[in-house]
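Note that subunit A is present in both complexes that follow, paired respectively with subunit B and with subunit C.
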Partner chain A sequence: MPPLLRRALVRLLEIIPVLWVVITLTFVMARWVPGGPFDTERQLTPEAKAHNMEYYGLDQPLYVQYMKYLWNFAHGDLGSLYRHPDWTVNELLAKKASVSAELGMWASLVALVVGLLAGVIAAARPRSKTDYTTMTLAMVAICLPSFVLGPLLLLIFGLHLQWVGVMGWNSASDRVLPSLVLGLYYAAYIARLTRGSMLEVRNQDYIRTAQAKGSPPRRVLFVHALRNALGPVVAYLAPTVAGLVTGSFVVESIFQIPGIGRMFVEAALNQEYELLLGVTVLFSAILLLCNWVGDLLITFLNPKAAID
Partner chain B sequence: MSVRLQWSLFAVAATLAVLAGGCARRETPVEIANRDGILLVSSGGDPTSIDPQLIETLNDSHISIALFEGLTTPDPVTLEPRPGVATSWDYDEKTLTWTFHLRPEARWSNGDPVTAHDFVFSYERMLSPGLGADYANMLYPIKNAQAFNEGKLKDFSQVGVHAADPHTLQIQLEHPTSYFLTLCYHQTYLPVHPPTIMRFNAMNRRDSGWDKAESFVGNGPFVLTKYVLGEVVEVKKNPLYWNAAKIRLNGIRFFPLADVNAEERAFRNGALHITSTLPPPRIAAYRDTHSPFLRIMPVYGSYFYSINTRKAKGPLSDTRVRRALNLALDRQALVEHVTRGGQIPEYTLTPPSALYKARSLMREDLPEAKRLLAEAGYPDGQGLPPFELLYNTSDAHRAVAEYLQEAWKKNLGLEVHLANVASSAWLDRRHNADFEIIRAGWYGDYLDPSTFLDLFCSDNEMEQTGWKNEKYDAFILAARKETDQAKRMEDFQQAEAILNEEAPYIPLYFYTTIILIRPEVRGYTNNVLDQHAYNNVYLDPRQTSPEPQP
Partner chain C sequence: MTEVIPIPQATARSTLWGDARRRFRRHRLAVAALVFLALMAVACVVGVAGVMLRAYGSFGWPYGYEEQNLNLGPIMFSGSHWLGTDLLGRDLLTRLLVGGFVSLTVGFLATGMVILIGVAYGMIAGYAGGRLDRVMMRFVDILYALPFTIFIIMLVVLLDKPVQRLTQSMGHGSWAPYCKLCLLFLAIGAFEWLNMARVVRARTLELKTLAFIEAARALGRSPWQILWHHLLPNLAGLIVIYATLSVPAVILLESFISFLGLGVQPPLTSWGDLINQGASNMELYPWLLIYPSGFFALTLLALNFLGDGLRDALDPRASRD
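Right, the complex of A and B next:
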């Protein structure tokens, strides 16, 4: 088996024990918080509270609950919700995860396209007006938090110009602002990374060789330089995509998008132990997978930079 | 033009094109909904459940009153009980039995007739210890209900609910409860459809999913058509409702907008008819411009701080210190400059209503406060160790806590530390008496002073102030048993006077619900329980000024 393939497979299998550690740590940490899911403003009669705890198995010793969770997890049952008993964790994740995934995908696209373009343009003419303008805009995008940028854009395009709706995830125009708000921050980072990386690469011998051989400047830029400069970008991108695809609490709240980002935070606040575990495991799995893909891409782009 | 510039221009143009997609001014959701007769409402957050026996919050009840109907319904203004499923009722004082005559034309949304047996079944489910319903205690006025709910009684036929015949329901009370008819329209008294419950084996299960849209059956003016958590709850007019001819809305959409700023933006963008609240910083803007959308509704709720009177010989166990804390405040200033939400400063526990206005009130008197503090042994606050003011994390609560801290420092020379914890931890500490002074609040479930004054009775587990007063308890118990309404109110007056004399709490203001509502929504009347049956609501797009309120 070629060493690359073998390493890829080993890396993939490593994900399983990491996930197990994540489950265990999350389980312990969630239980550490004082109070429980049935501490509501109105004091439940002790019988009602005791009954609810019993119904969901929360009165059992922790190690029993832990084993039961692992057993159910292995069978694909992620558990129940306490505050919204009509829904199971599986149902909720299935419905919401695809929304967050789509939002994350668009945001990643924005980040990648805008970021790479800006970075390449800036690096093509270092220290020119283009360079300074692009990098300043990038700095602004990094410093402006999404909960400022979002309402600002909504104010302009939603309330004043009335071009878009301000909530929901129904029409095509509903996708535009959330993706921009979510993606522009990462676009800025990618722009800076790309520019820096490209500038480094430009001084390499093989670039001078290509120029000496008479390759058109655009080919030198996009084919030779960019390919070698992409390493740091890919390394940055892997966890970023994972984070984007699993939802953003802030953007989903501002734009009232039915994704899992909001669920994540609400689960923590409401002590929905099983929802919290489900979302955490999902996020971790995606993160680990994205890192795995990232590793492969880096090695593919530059086989000499074998990591380990 | 260089290629680079061409691409950049193309990218910008493409984005703008998509954004300006419907460049002709788009029809707003509200305009479309007005045409279709659909009401767009924000329900504040996700509903706990559609099952009326499992719901918890006021926002949940806004949905359940569209889908179910109880024996009585509230008058939109006075909240007096009016006929619902029951057309008339009689009361036998000797046996404490209410007899309800049900209307024969009442139907479930699948065509089944609504019968007295359905109510017996529903109350059995509500009280069943296996279900663990949070609010089962609302049914305790019914004979033996508490014993059954606590598992001490196994035979439900011993509980005071019987169907004498399919259209006659008899409810026997444990003790005289003069507000019982108002309880009958509370969401805990709503009926559920027995065959559906049995089919989903949901008698003792909270997660059966019988209330999803595909299987839902209800007896209210609307029926559930869509229920997606985090997205929307959609109901449409129920043609089989006995009074369907009088319902003018074709449907309602409830959006669970938990972010208050997103909610306000949605309203301004024409996506909502009614919001559930308004972010406090925005209230002034609407008020100052005399916006036709702003509506401030006083509600039956009280915002106060509870004092732990327990620590023997501790400063807070001394009535004089507690009274000084109360006397040294300016609640008008608090409401006007800090909360700025149109709240009403309160000087007693029970909010005023047509039924009852407390006579005894906390005063505000700074010289007297200083004198009391000195008399208690802490002149100018000297010698009083700093105590902790605990509240649940929120910008609004912090503002109030900071005001109290400042007022007591400036007026009495006291040092107060502020602490905040997440809501569930805050509840924990309240229940376990792990506090010195803690933020509290109470919304009345039903229109009767007992819902507030019961909180300081020594048998109440909610407010753990450790304060016990025999005379207070005596008045409250007397009021529980008394049938003469006037005498009951007098008992409450006496009890409240004792409460304000001893001051185991610090009343601050009465709640108001502040919402934005479009003028085309008519028939949405203010009342202190914030109950708005949709039976009377309709959309009239010709209206541009707000509906006059009682």
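Right, the complex of A and C next:
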């Protein structure tokens, strides 16, 4: 087996023990807290509560529940909801995750396109007016996180100009503001990274060679320089995508989008253990897979990095 | 006959920190940011001190941060309320200063924890090397792979009821918000140190091969003495840079959690909480959103500029362009 493929497979298999750590930590944290899913304001009779606890297996010793959860998890069954018995965790996650995934995808697109463009434009003429303007704008965007930018944009474009709807996730125009709000923050980081590594690459010999043999400046900038400057950006992409998923907590609550982020908070508040575990595992799996893909891409862009 | 060549006298001693100060002063934006932050911190401290004086002696600040004036309601500006009042007629400037105090305190305390854990961990791993280093860094890698925002949210939500019960059983039910706040910054600090540990370890690995460390070892200095007297001073610049970068990160995280309504609890407030309240009333009273957002964004901007300036001043190699 070629060493690179082997390395990729090993890194993929390493995800499993980390996921196990996540499950165990979440399980311990969730169960360590007193109370349970049936301790609501509207008190159930002791008999009904006992019946429910027995039905969902919550009356068994914790280690039995833990082993059962792991067993079911390994078979793809994420468990049931205590307060909404006609849904399973699998169904609910599938339904809500698609919304969050779409939002995350649009936001990633915004982050990548805007960030790379801005970074390259700024690096084309360092210390020029364009450079300073772009980088100042990037800094401002970093200081306007989603929970500041979201309400402000909503106030301007939703309420005063009324160009877009204020909330919901129905028409195409509903996608614009949330994606922008979520993506711009990361676009700013990507712009700064791109500019920094473009400036490092700029002085290398092969760039001078490309210029000397008469490649048009734009080609030198976007093809010769950008490809080699992408390393740090790709390395940053993994936490970015993870940030886009978790960042959607705020954006989903501002724009009233029925996604996975809001569900997580509710699950923690209502002590829906299996839903909580499901969401946490899903987030962790996304993060770990992103890291893995980022790792592969870096090796692909710069094979030297693999030999460490 | 030999000509005596005069030895050139150094006009001024150039030290690491002296050079850094000179380079920092050239960075206009960073100096302005530092002045702004100092003013903001002083204003917040004065505000909180005034509010406390008023609570205990009914003099000092003209308003309490939780004093409602329902007859007044929300106003945008008046001679006695410079930044207006919120829905319950509470003075917004007072609340912004108190909220700022909370946000900044969380930022600095959590950063203190980040420095303590991160520097000790990174230095020990880097200096020890070998298997201990590998094991310690593998642990950092695993923690790094965990979605820590989620864990912090989960921790804060799950521990809400136990903290309340505990403080009530101790007979100090009103302490619950403060305990939760402490918990919040402990949780944030417990996850934010990873970056610091990695950076410190990398630099320690570089430094430990240099001659002066070897000399110290040859002179019979113990590992702890070497870590404390020889490594730490050489890491100071790096630590300052990363600490400055972690303050805005922590403030952001705290505000993010408070915005979701999970962080500070009323009557206490923080900037994230104020932005949250502003956002829910922005149709009719936009200033309730705009002022806190402005305070928050400007402070974050200043912290970031300060971080950039410090990096240029302390680590000129890292950012030449």
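The definition used in the following text is that the second predicted complex is superposed on the first by the 298 of 308 C-alpha atoms of A that agree within 3 Å, B and C clash if a C-alpha of one lies under 4 Å from a C-alpha of the other, contacts with A are read in each partner's own complex, and residues count from 1 in each chain.
In this text, a contact is a pair of C-beta atoms (placed from the backbone, for glycine too) under 8 Å apart; a residue touches a chain by one contact, two chains touch by 3 or more.
Here the structure is a predicted model, which means the values were calculated and not measured.
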item	value
Joint occupancy of subunit A by subunit B and subunit C, clash or fit	clash
First, second, both or neither for A:R11, with subunit B first and subunit C second	neither
Partner chain in contact with A:I254 - subunit B first, subunit C second, else both or neither	both
Contacts of A:P34 with subunit B and subunit C, given as first, second, both or neither	both
Touched partner set for A:V164, first subunit B, second subunit C, both or neither	first
First (subunit B), second (subunit C), both or neither touched by A:L154	both
Residues of subunit A at both interfaces, subunit B in one complex, subunit C in the other	33-35, 151, 154, 159, 253-254, 269
Subunit B-facing residues of subunit A, complex	33-36, 39-45, 47-49, 51-52, 55, 80, 83-88, 92, 95-96, 117, 121, 151, 154, 157-159, 162-168, 172-173, 176, 218, 253-256, 258, 262-263, 266, 269-271
Residues of subunit C touching subunit A in the complex	142, 145-147, 149-151, 153-155, 157-159, 161-162, 165, 252, 255-256, 259-260, 262, 272, 275-276, 278-279, 282-283, 286, 289-290, 293, 296-298, 300-301, 304-305, 321
Subunit C-touching residues of subunit A, taken from the complex the two chains share	18, 21-22, 25-26, 29-30, 32-35, 126, 139-140, 142-145, 147-148, 150-152, 154-155, 159, 196, 199, 242, 246, 249-250, 253-254, 264-265, 268-269, 276, 279-280, 283-284, 287-288, 291
Residues of subunit B touching subunit A in the complex	3-4, 7-8, 11, 15, 18-23, 25-26, 28-29, 46-51, 54, 56, 129-137, 149-151, 206-207, 209, 211-212, 227-231, 255, 257-259, 261-262, 265-266, 268-271, 422-425, 427-428, 431, 461-462
